[in-house]
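These notes open a run of structures that come right after.
Okay, so subunit A shows up in both of these, paired with subunit B first and subunit C after.
Moving on to the complex of A and B:
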């Protein structure tokens, strides 16, 4: 291997030793490449970086020795030990990236020849790529693109020893990268791809995702209710449902075990049939954030299950595996529906009150049902009971004792959606009406900038479904009875009410609207946030989320009905040759027309025109200069300087940046005055 | 290098008085390996200039006086039967010389003219099925009288195109004329002088000319000129590709004479009237008349922006 390297190696690269500037540039580039990882690396990396850079500094400025092979070996062993101690492994994403970064830093201690420097540049490129294992956000992409430009400049400096101005070098490498973009875009769009996202991530990359829990136990404070994180975004192709219809069905909790609600164990075949009219169908696409959970949230009530999803209990939808990446899914739902049938099994489950305790609440339910006379009236009675007995919506409810339903209904009477959904459902069951709890999201904020809806974790909600013999499952939201603001205006309205010391449900609609009116500044801020969210969403939808489906859709649109691998490669080759030839043409053309020297010289001529000396079209620059000097001997020095520099640039092929700047400077300082 | 050129210039200026520009063009012609046509009235110093050039360059020189009864063999040479060894032997004609002065070329019949011109083009002579190479360097200076004079066979355009440059000498100015009258005859001065350039040097300069840079911007300008001559509708025939090539080479040689490593538009403009002038005519108007008041080369330069 070594001999192979040597044979193919350009001989002088071995001896070439880049200068100090190259080293500093490389250090800077490495720092830039590492910076997205900074917060994730162990703290002692700072010490490592300090030692490495200090040592290197001493090598350059104090003639210190580079570490010998024994020391280097010991260093690597120590490093591996430290990494293993910190991560518990050397495999996987986190430890792997840390190892790559640490070894790249150590490489600085043995930098010597051009080849070593180039190696570090390539390692930096690789480090840049690893950042995408953590995040694929747009800003990160832009930042890392900039870092690649810096790395290109470093490479240019190393290869040519170019003494160009820093900005000029950055500009040149940027334009080189830009030239590559069309080809990259073509490859991105047309390269045959496998199912799945852009990055196949290693197993340890999904820690720390938030999502909805699969159980519910009122009386424990729910953190989800407070997070502003986006849960999912929705693109509607049908009219958008009104605020109080935006119920996003997630899980259906039918089992009650001493205050803990959970899903029933489910047989896949048992999905009850639904009757609905086609005109009620709402079509939309959900872009759901990674949550590590299987739940897929659909507008109540989903119909026509997509092939890649499964039915869960109670017509909830779920993916085959936890969502480790964003899911983009087209769905259909209906607002008006009718369940035809309920199985005995389900009926029994939804009537189960075996673990409800508390004599008082059981007798209360019996009492109220007797007063109501019918199931429907009983529902109204219970909702009225909430309204009329000083129940309050609160985000900091008191804890409940061992009889949670009774404690809530008769004592604390303070809580949020979970308390109401849970207590309401139990009250139904106690009266012999089948009922269950639905967990999901309610509400959603419309983004004007992108024409889609944002549903946040703070929109998380729980409500009830009740089985009525004539109507099937019917959605009842007891929270609406206590705090209609929560349903109409979202959690923010509740928070604001509380902040102003008012009770939810105590204000009229108009007053709430006035209260919710935002200041101009807040409005602008909101607009900016929404705009950024819109840009990011498109980025995920069209770039990160561009998978096999989008590709075949695009190809169909281009007229390839059954595009196979070979067609795509041929198409790719044809398009790439077209793009590259166009670029080549453009480059040659531009060389002819956009000679910056011409622009400067034109300025020079314009200034002379200002004092009445006009260049003939057919006059060469030297002849023109001679004529000017004859007319105005006092201008000899500046005119000769401009003319000579221009001629050097244009006709002597001496087109360095130095010359360009010299010309620009000479022209800038040329201000001829009219002779009196 | 410039000092060497100055020596040559000084030398020639002593012989041909007050004709710096023409002398510069002659040097340019030599450096670019082109053949020169001098057109002027009798007695203007055409032959003297040619002599001086041959002398300063230290090259072998021969002169052919063209007459109306001349035959090609008078130029190229002839095979003669030698009784001693019973075979034909080729006697080289005057053209086998490094500098050939073809005096009054338009007095000869087209047949004789074409013999010279073919030798100029191919730099070799074929007689009796045998090919003889001409010496290197090979440089023809032809002179001709203006066509209005009697007893001339005008060179057709195709033959004119083979000359790299055409210059005319013109009357000397008053000062130069005075010197001419006062001093010793120039021809005698010339004979006393020693040549100052070696053959090797000339070849080296000719190589140097090939290395003079022509940047895209300059080539653009030359192409614009060529395009203008063909498409503007003002000229009879546009510049031929060979003429375009000659123009560039002349510009290169001119740049070298000015001690520059690259060509600028002014170089092209300086050589264009001589390099293109004899190949470019103004278009005839409806009556078949040519506007002789206009110099086509100057006109071409004026309508082409740099």
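Moving on to the complex of A and C:
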């Protein structure tokens, strides 16, 4: 390489003098790179940035020197110490990013050659990349392109000798980016994707994810219930089920231990088939937000298990690992089914009342069961018991004592879905009917803008499932008996009722609908948020969620049945070459001059050629005209008319439409005949 | 090849040192994207890569279609500074930026130039030897637009030669001989307009030559006489000189220069070549060219 460089005496990078404009350009690059990280960095970074910029400024004005090696070493050591103190570690995502930013800033103090300047730009690019590890929101995607344009302009600016074409540089780098996009898109779609990472991820990569807990204890405040965060979104490809059928099954809790519901330790056994009729099948795709939990929420009751998921206890679905990224999953469910999955073990678990205490509630259950006579009637009796005994739906229920079921059923009688599901299930078990608690979500909000459903954390819900000998497992939602609004209209309706001082369950449907009608402004606002959610959802669905699955689907669609790594690379290279060649053609294409005057004059020359008078290449129009007139004095008038008009048009700057028409007319009527 | 027009055949491209560093950065970015399965990181990596890929086209286009040629240069004597000019013709309607021009043995230059402009670069070089001096090879290069790629042209010898006359020797008298027609001795004086004396006024003498001072002193009309006025004719022969070949050439060169400066009609006889006497403008360059190429 060196000999090659010598042979062609390639000039090397020149030393760049400390240059104020170049520094400003770099500062711009750094600011753009850091801004997405701004809220995450320790506060003392502001001081560091200030010192570094000030020092650099003084160096440029020759009032300070570049720090020597000792000072630089001390600076780095101090920085590492500070970072370690702040983060407790130097490894991992957060500390790593902070370190990268800090070292980039320190690099500002030793800018000497063009290479140093360029290196800072490259580091800035990397810093921007790291911000995507925290968020992949749409605005960051747009920001990415803007920043790449600016950073390329900065590179042009640093490399360019003269510095007065700033706007042109921005324009040029924008057009370069535009030209680059097709190839980038090809790479994005066809670059072989891996499932999962290469080296494993640092432990702090997925902090701050919220998901549903795997236990339920009625009475403990669940902050999820109040959060408007999206749990998942659903795209239906068949008709959307009505609100009171939209139960999203998550976990099946069968173990009861002194007020705490838990999942049973699950032995992986064959899951019994579901009986259903094909016409009831609902097909949909769930786009579930990252939760760091395994649960996958499916409409009650999922028909099939997709290959990449597993069955949990009680026909719940779960992923192999906690969901650290969004999961996009196609599912099928039925609302009418016969679900018969009962073993002795299950039966025993679902009848376990060993930790239920309180004589009064046990005798109440016995009493009510005797009155009802049958299992089915007993269910209605309990639901009626809730309705008729001043039970209230409340998000701020009183604390329960050490006999939670008895205290709730006989004393407090205020609670939300968990209280009702828990107490109902226990009442069933006390009467000898196998029952369990299901947690998940209920309802969901339809987004008109995007034709999909949003299910939020506040839609979290708990209900019961009861075993009836003839019907299998049957879903019973005791909350519906107390607060039907919760089921029909969601938690918002309950909140609004409470805010207006009304009891849930006391208003007719009509009145609730009127109450829920929003003002025009609120409606517009909702429309805008829904629109934004729709755009974002598509962004996640098509761009961020693009992975190995979509890739193989696409390749199958393109006709590659079993696309392997090699095929994909070959396909990619071929397509890329085609695209780049087309672009080269576009870039190198010389624009032809389409002056109508030339076209007309060419016609004139062609007609003369027809009678044997050929214009020489070196001959100007005037000389040609003189020669024609000498050869054919009879053509003098039309030839000089055409020639003069043409010369006026081409060289005198007289390019009016009148002149153009005159020339066209003159050429059209010019029909020279061969001399005999 | 008098003119080199840059095209695919004579343009090369390699990444610069920054380009290599950048490719390492890109690789690191790709690793992060793969490890975190991060779509935006993929997108950024690919966008940067493809933009640099496209910038290759820009780099190539910046030199493509540029025509290099040397302008005409005047002959000089050996040991003097030869000045010549390199002409860059921008044959397309595109502006070109940041073009580095390396002329071998000269400092490298960088410049921009706009559509349809013709750029003339003036250079000088000291020439030592008589004869044809081949003008140095030229190479143009560019790191446009972002400094990650370096494109250069194949260094071209543009086959342009500039004539260098022999170095004239120090002054020696013209060969002593009678000119062929008048048989008067040539006065070996350096300057042809040297005043040589007064003589009696003869009819036909130019009034400008009359020495009015003498006339004013009442000594009658006298005319001033100058040595150069007689337009003698001389022939410089190879055999008039002695010594080594170069010395003889140098001396002949000196004589030719002097003779031409004095407006003397002169001819030259070299072994195997003969220049007939003349005093027209081209005579000197004709003789000097012969001497330069001997």
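FYI, the second predicted complex is superposed on the first by the 550 of 676 C-alpha atoms of A that agree within 3 Å, B and C clash if a C-alpha of one lies under 4 Å from a C-alpha of the other, contacts with A are read in each partner's own complex, and residues count from 1 in each chain.
Heads up, the rule we're going with is that contacts are C-beta pairs under 8 Å (C-beta built on N, C-alpha and C of every residue); 3 or more make two chains touch, one makes a residue touch a chain.
Note that the structure is a prediction, hence the values are computed from the model and not measured.
S.K.: Taking the superposition on A as described, I'd like to know which of subunit B and subunit C A:621 touches: first, second, both or neither.
M.R.: In the superposition, A:621 contacts subunit B only.
S.K.: Output check: A:651 vs subunit B and subunit C. Expected answer is one of first, second, both, neither. What do you get?
M.R.: Only subunit B is touched by A:651; subunit C is not.
S.K.: Once the shared chain is lined up, is A:437 touching subunit B (first), subunit C (second), both, or neither of them?
M.R.: neither
S.K.: Would you sort A:545 into first (subunit B), second (subunit C), both or neither based on which partner it touches?
M.R.: A:545 contacts subunit C only, not subunit B.
S.K.: A:286 contacts which: subunit B (first), subunit C (second), both, neither?
M.R.: Neither partner.
S.K.: Residues of subunit A touched by subunit B versus by subunit C: which partner has the larger set?
M.R.: C
S.K.: For A:334 in the superposed arrangement: first (subunit B), second (subunit C), both or neither?
M.R.: neither
S.K.: Where on subunit A do the contacts with subunit B and the contacts with subunit C coincide?
M.R.: 591
S.K.: Give the list of subunit A residues in touch with subunit B in this complex.
M.R.: 591-592, 595, 617-623, 647, 650-653
S.K.: Could you list, by residue number, the parts of subunit C that touch subunit A in their complex?
M.R.: So the residues of subunit C in touch with subunit A come to 12, 16-18, 21-22, 25, 28-29, 31-55, 57-58, 61, 64, 92-93, 97-98, 100, 102, 104, 108, 110-112, 139, 141, 143-148, 150, 152, 155.
S.K.: Using the touch definition up top, name the residues of subunit A that touch subunit C in the complex.
M.R.: 8-13, 114-115, 118-119, 122, 125-126, 128-130, 132-133, 136, 140-141, 144-145, 148, 152, 155-156, 158-162, 172-173, 176-177, 179-184, 187-188, 191, 193-199, 201, 205, 325, 543-547, 580, 583-584, 587-588, 590-591
S.K.: Report the residues of subunit B in contact with subunit A in the complex, numbered from low to high.
M.R.: Listed in rising order, the residues are 213, 215-218, 220, 261-266, 269, 301-306.
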